[in-house]
Amino acid sequence: MTTHLKESNHKNEMTEQMTMIQAINDGMRIMLEEDDRTIILGEDIGKNGGVFRATEGLQEKFGDDRVVDTPLSEAGIIGTSIGLAVNGFRPVVEIQFLGFIYPAYEQIMTHVSRIRTRSMSHFTVPMVIRAPYGAGIRAPEIHSDSTEILFTHMPGIKVVCPSSPYDAKGLLIAAMEDPDPVLVLETMRNYRSKREDVPVGKYTVEIGKGKIVREGADVTLIAWGAMVTIAEKAAEQAAQQGISCEIIDLRTLYPIDRDILSQSVQKTTRAVIIHEAHNTGGLGNDIISIINDTSFLYLRAPVERVTGFDVPVPFFSLEEHYLPTPARVLEGIEKVVHF
Amino acid sequence: MTTHLKESNHKNEMTEQMTMIQAINDGMRIMLEEDDRTIILGEDIGKNGGVFRATEGLQEKFGDDRVVDTPLSEAGIIGTSIGLAVNGFRPVVEIQFLGFIYPAYEQIMTHVSRIRTRSMSHFTVPMVIRAPYGAGIRAPEIHSDSTEILFTHMPGIKVVCPSSPYDAKGLLIAAMEDPDPVLVLETMRNYRSKREDVPVGKYTVEIGKGKIVREGADVTLIAWGAMVTIAEKAAEQAAQQGISCEIIDLRTLYPIDRDILSQSVQKTTRAVIIHEAHNTGGLGNDIISIINDTSFLYLRAPVERVTGFDVPVPFFSLEEHYLPTPARVLEGIEKVVHF
Amino acid sequence: MELDYPIKKIIDDKGFFIDSTYEKQINEKLVKEFYFNMMRIRTFDRKAINLQRQGRLGTYAPFEGQEASQVGSALALGSNDWIFPTYRDHGATLTYGADMVRAFLYWNGRVEGCVPPEGKKIFPPAVPIATQLPHAAGAAWAEKRKGTQNAAIAYFGDGATSEGDFHEGLNFASVFKVPVVFFNQNNGYAISLPIEKQMNSATIAQKSVAYDMPGIRIDGNDCFVVYFETKKAFDYARSGNGPTLIEAVTWRTGAHTTADDPSKYRSNEQGMNIVDPLSRLEMFMKNYGYWDEQWINEVNKKITNEIESAVDEMERFPAPNVDDIFDHVYAEMPAHLAEQKKTYLTHLRGTAK
Amino acid sequence: MELDYPIKKIIDDKGFFIDSTYEKQINEKLVKEFYFNMMRIRTFDRKAINLQRQGRLGTYAPFEGQEASQVGSALALGSNDWIFPTYRDHGATLTYGADMVRAFLYWNGRVEGCVPPEGKKIFPPAVPIATQLPHAAGAAWAEKRKGTQNAAIAYFGDGATSEGDFHEGLNFASVFKVPVVFFNQNNGYAISLPIEKQMNSATIAQKSVAYDMPGIRIDGNDCFVVYFETKKAFDYARSGNGPTLIEAVTWRTGAHTTADDPSKYRSNEQGMNIVDPLSRLEMFMKNYGYWDEQWINEVNKKITNEIESAVDEMERFPAPNVDDIFDHVYAEMPAHLAEQKKTYLTHLRGTAK
């Protein structure tokens, strides 16, 4: 990959047990301390600390002109942040839920992603947009969308999607240091689902790099966000049948780490993609195309996709039926193995 | 396919030579005459007849309360049309260019496509959104987007994309009679590029059905909109090398006609997809997935895609370099044939 | 601008008439209707919070403090009018005729909660803020084009005024002079954001000037002024004069939702000076001889019974049907979706055994 | 509301002072600056139309009739201020210091046309209507936060007021009291739509009430009033008072763009009563002794030369570089894009031979 951020080495560094939401908070705190161009904006992020507490304590510490409660106006937030970004600041915007980013879609599609191109790099938009996304937390309608592809089909921005506290902090800091706009998708299901050791200092996780979270020989499972856990559970069950799964946590959705995908699939010769977005038009298709382009002759079975259905994300009493489950993933694994 | 509209039979019917823009105009005229629930809304569609003249003469004929010039406000147009649609009307909205649909994206994504689901079919949105799209007519920035996938990853709406006058009228009427919302993408390059015989009366082209526009044996070319012509030119050149191309004009982008794709690819064993949208996240990926799912064992070579690049559609002095050309398609054909 | 938009009231904080011109129009029937409906939705609201605490309901958005606004406005509607609520307006829709069982179901993540009784033009609650304003304008426009006397009302909060859709909805409504009432409940906060940070304007009512439509500012805790002013706006709309913007100044007594902790962003004292709309009505009833203990007791019993049995019915409601997630996407299911449904139902049967 | 927002003028249609308080502030230097700049951009504009007719330029959006608005406002800016134009505001950006060769290039579909001279804070023209308003608010906010005295101006048309971004931009600017001037050119039409159908409000200026910000309505064909009122708004902004909305009432003499046929939607008589801003300035100059034939001839010659040589340079400008479509998407090109570029350049070389 070509991004200039390198994964740091922290072998001897102090760490702390953090949840993903704490790690995100910590990442913003560090950058607010280090770089006074950093400015955080969003709805209810100040006194309230954000509806998920991602910005808890930051306004108290850095003041309400650096951690700014904005009016309820996503296009306004992104639009003014563009002005801030082209004029020397580094805005980090919280969109309360990914499903509420749509009013700002024009600003992102026609400006955030295109100002560099349009001005031949004279103006740039070093902006981070953070958005909680995904289903499974019994939230009201529209709060559970995972429409990542609306942003991966948009040259000019990058999209990352951490699944762990460590990656969340490292990718967020990388995004905040990136010279270009980065959308950070945060899976709500993982906000508090586990703690892990996270360095207390500054470090980055390179944008554009996936990670093998489980090594295996027979099938490659490709997932991101909350689906990594689903893949892990399915892999456990498959192991009991003697099927060895390798799992890739994609981590960056644009630009995709093609090398990690092709290397793994060429080794295992089979792939199952898991995502919670709708099947049609989902990012799974991009991954199938990458496999088609790079590993056609290696494949022993058609690539399987286990995804959300082609229906609006249901109201929460039925959302479990929308989301991929370990059982459905297992079926996909069996299908490619027994093809 | 499952839509209830059936292709009519017009062997003995009167026809007239029409361009695509005339055929579209004619389709709206017929429905305005036939169904007084029809109401046309948009910017500059009244006196001015639309910036492309698609609605020319309609306001004069049907009055300014049925062919309505609206304020410059896409979310307002779509939003109020939702109210009209749930309350008995059948709005047909013109968005001046697809690149200006983004301000209405929230209304389309969270309402147009979801009101049926949300209300268990109690409220429905029989609305048509027409949008000229695509590059190649030396238009200013943002006027040349082909972001169809923003709407094919949106359960609840259908997307059609005619490339010929006949299909344009037939699909438009089918869309206007459809009980669900339909986005009609109109490739500007074909508005006046050719005339053909079009029945003067009412007929429909079934939504969800592709069309073989050239039969062939060696490679299947899959295209829609302006790219059909590009595919045809490439097929001519390939024929000179003795390569026989079959061409599918997809016509409907959601739901895709999986049968026509799998039948053709299983016959030819090779496929090249041509679209002007960006490669990453483009509809080509969906088609590769369909081929993966249905025709894995038939394929002799990885599917090729010849598409717009992963860059914002350039300003028009360079747009020819963004768009697929017959020469690039020919390379793709050679690649799959000589794999 | 505040001076140009004084808050209109009919009764004061102690329940005495300020504007006695209304004395004649307010009779026992009306007063009891107010009391009944306000008490009914208050009881519903508190019950919902309780159910949520017990894990019998999902996250819930309470409207306590806003009963006069919701009941006063909803009672002003005719039975063929349209109503476009938000998630916080179940008080209004229940008053207008929504089904209480379904209102509970809604908060249990049941899509059935969005389906109105046949013939009641109650739109599903808008979750994306302000998006319902253009819908209401469109539905009202349709009524106008049909030549009926029906109108529409859109409910929305102070925070909603910052969204583009607020502006586009009002602009359309004013340009096409459609019979719609934009009913704003200014409850002081949008989640944690106080109105002073939401907007620079002293009032919401004054935003009507941008569209040359009437704008009025009323005491949203005075059910009488809410009722009569909404009625006026409807009359104005039905007579072909177009839309009105009403700012009902009220107060959200509780949390934004049951998932929210208001102590993080507002002090306990805030809102202390605001007299609860139900207490105010009670005082009014006592002041003017409408208070009838026996009737009150009966009414309260009736309400309790209704609510208990609605909860009961909600909890005995048939379990959610997986088919529903597939069956209402299109009028006719596309082939690929039918396949997804079939595969999934087969899978479910497989894992069930 | 129209009465509350009378159109301010300094000179009348015949070029005589109405408001003589300005007599002292208007001196020869200023008058000549106005004349020079207005004549310069008029000549540019007409040249561009000609070039388009000859096929030497793409579709072009003329601004004839709006020169007083564009020059009067642009001259009021300080050299460190920001300017956020639309496609129709090349008159303003040229006056402010944009490069004329690049202005021509822009209309030839050359992305180079968006790149301002170093140090000039000229944003690329906004094509999606009204989207630049929040940008201007944000850039102004940045200046405020940096503690400078710089401000920003956003240009936009009457049609733009209908978009949500107009509303959201003005709301943000007023809430955060940022130093920005929202400069509206009400030229009567948005393509074919007359302002009466765009909005129900009698004026655009009154929309300022929604944000409690100053709104003024000026004669956009009177370069003096445009200049002094814009300057006032900038002073107000620089002093920390926040934004102003200015409605400059003007007229688009020509077509919306060279692809548009205005006879479809407006009659020839419309606008006949409007005195051309340049003629008006000429009358003023003659009325008050500023008209100096010799200087005029020199200036016109100078302008013609400048424009001819700009056209010349535009046409001799290096051909568009295919690399550019790949090179400015990210600071560092992602691998897959590098591969696309390489493959395509190889393909090009292959087909070239």
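In this document, chain identifiers A, B, C and D correspond to the written order of the chains, with residue numbering beginning at 1 in each.
Going forward, contacts are C-beta pairs under 8 Å (C-beta built on N, C-alpha and C of every residue); 3 or more make two chains touch, one makes a residue touch a chain.
In this text the structure is predicted, and so the values were computed from the model without any measurement.
*Asks:* Identify the chain pair with more contacting C-beta pairs: B-D or A-D.
*Replies:* A-D
*Asks:* Could you find the chain whose CA centre sits the greatest distance from that of chain B?
*Replies:* Farthest from chain B by mean C-alpha position: C.
*Asks:* Could you put a whole-Å number on the gap between the CA centroids of chain C and chain D?
*Replies:* So the centre of chain C lies 45 Å away from the centre of chain D.
*Asks:* Just how far, in Å, is the C-alpha centre of chain D from the one of chain B?
*Replies:* Each chain's C-alpha centroid was found; their separation is 36 Å.
*Asks:* Just the number, please: Cα centre separation of chain B and chain C in whole Å.
*Replies:* Centre separation, chain B to chain C: 40 Å.
*Asks:* Could you pull out the residues of chain C that touch at least 2 other chains?
*Replies:* 111, 127-128, 162-165, 168, 171, 175, 197-199, 324, 329, 336-337
*Asks:* Residue numbers in chain A touching 2 or more other chains?
*Replies:* 71, 73, 75-76, 99, 102-103, 106, 110, 117-118, 141-142, 155-156, 255-256, 280, 309-312
*Asks:* In the complex formed with chain C, which residues of chain A make contact?
*Replies:* Touching chain C from chain A are residues 43-44, 46-49, 51, 69, 71-76, 99-100, 102-103, 138-143, 279-280, 309-312, 314-319, 321-322, 327-328, 331.
*Asks:* What residues of chain D sit close enough to touch chain A in their complex?
*Replies:* On the chain D side, the touching residues are 82, 111-112, 114-116, 123-124, 127-128, 131, 133-143, 145-146, 152, 164-165, 168-169, 171-172, 175-176, 324, 328-338.
*Asks:* Touching chain A in the complex: which residues of chain B?
*Replies:* 75, 99, 102-103, 105-106, 109-110, 113-114, 117-118, 141-142, 147, 149-150, 152-156, 254-256, 277-278, 280-286, 288-289, 292-293, 296, 299, 301-303, 305, 310-312, 314
*Asks:* Considering only the defined contacts, which chain D positions touch chain C in the complex?
*Replies:* 1, 162-168, 171, 174-175, 177, 197-202, 206-207, 209-213, 242
*Asks:* What residues of chain D sit close enough to touch chain B in their complex?
*Replies:* Residues of chain D touching chain B: 58-59, 87, 108-111, 113, 127-129, 159-160, 162-165, 190-193, 197-199, 259-260, 264-265, 320, 322, 324-326, 329, 336-337, 340-341, 344, 347-348, 351.
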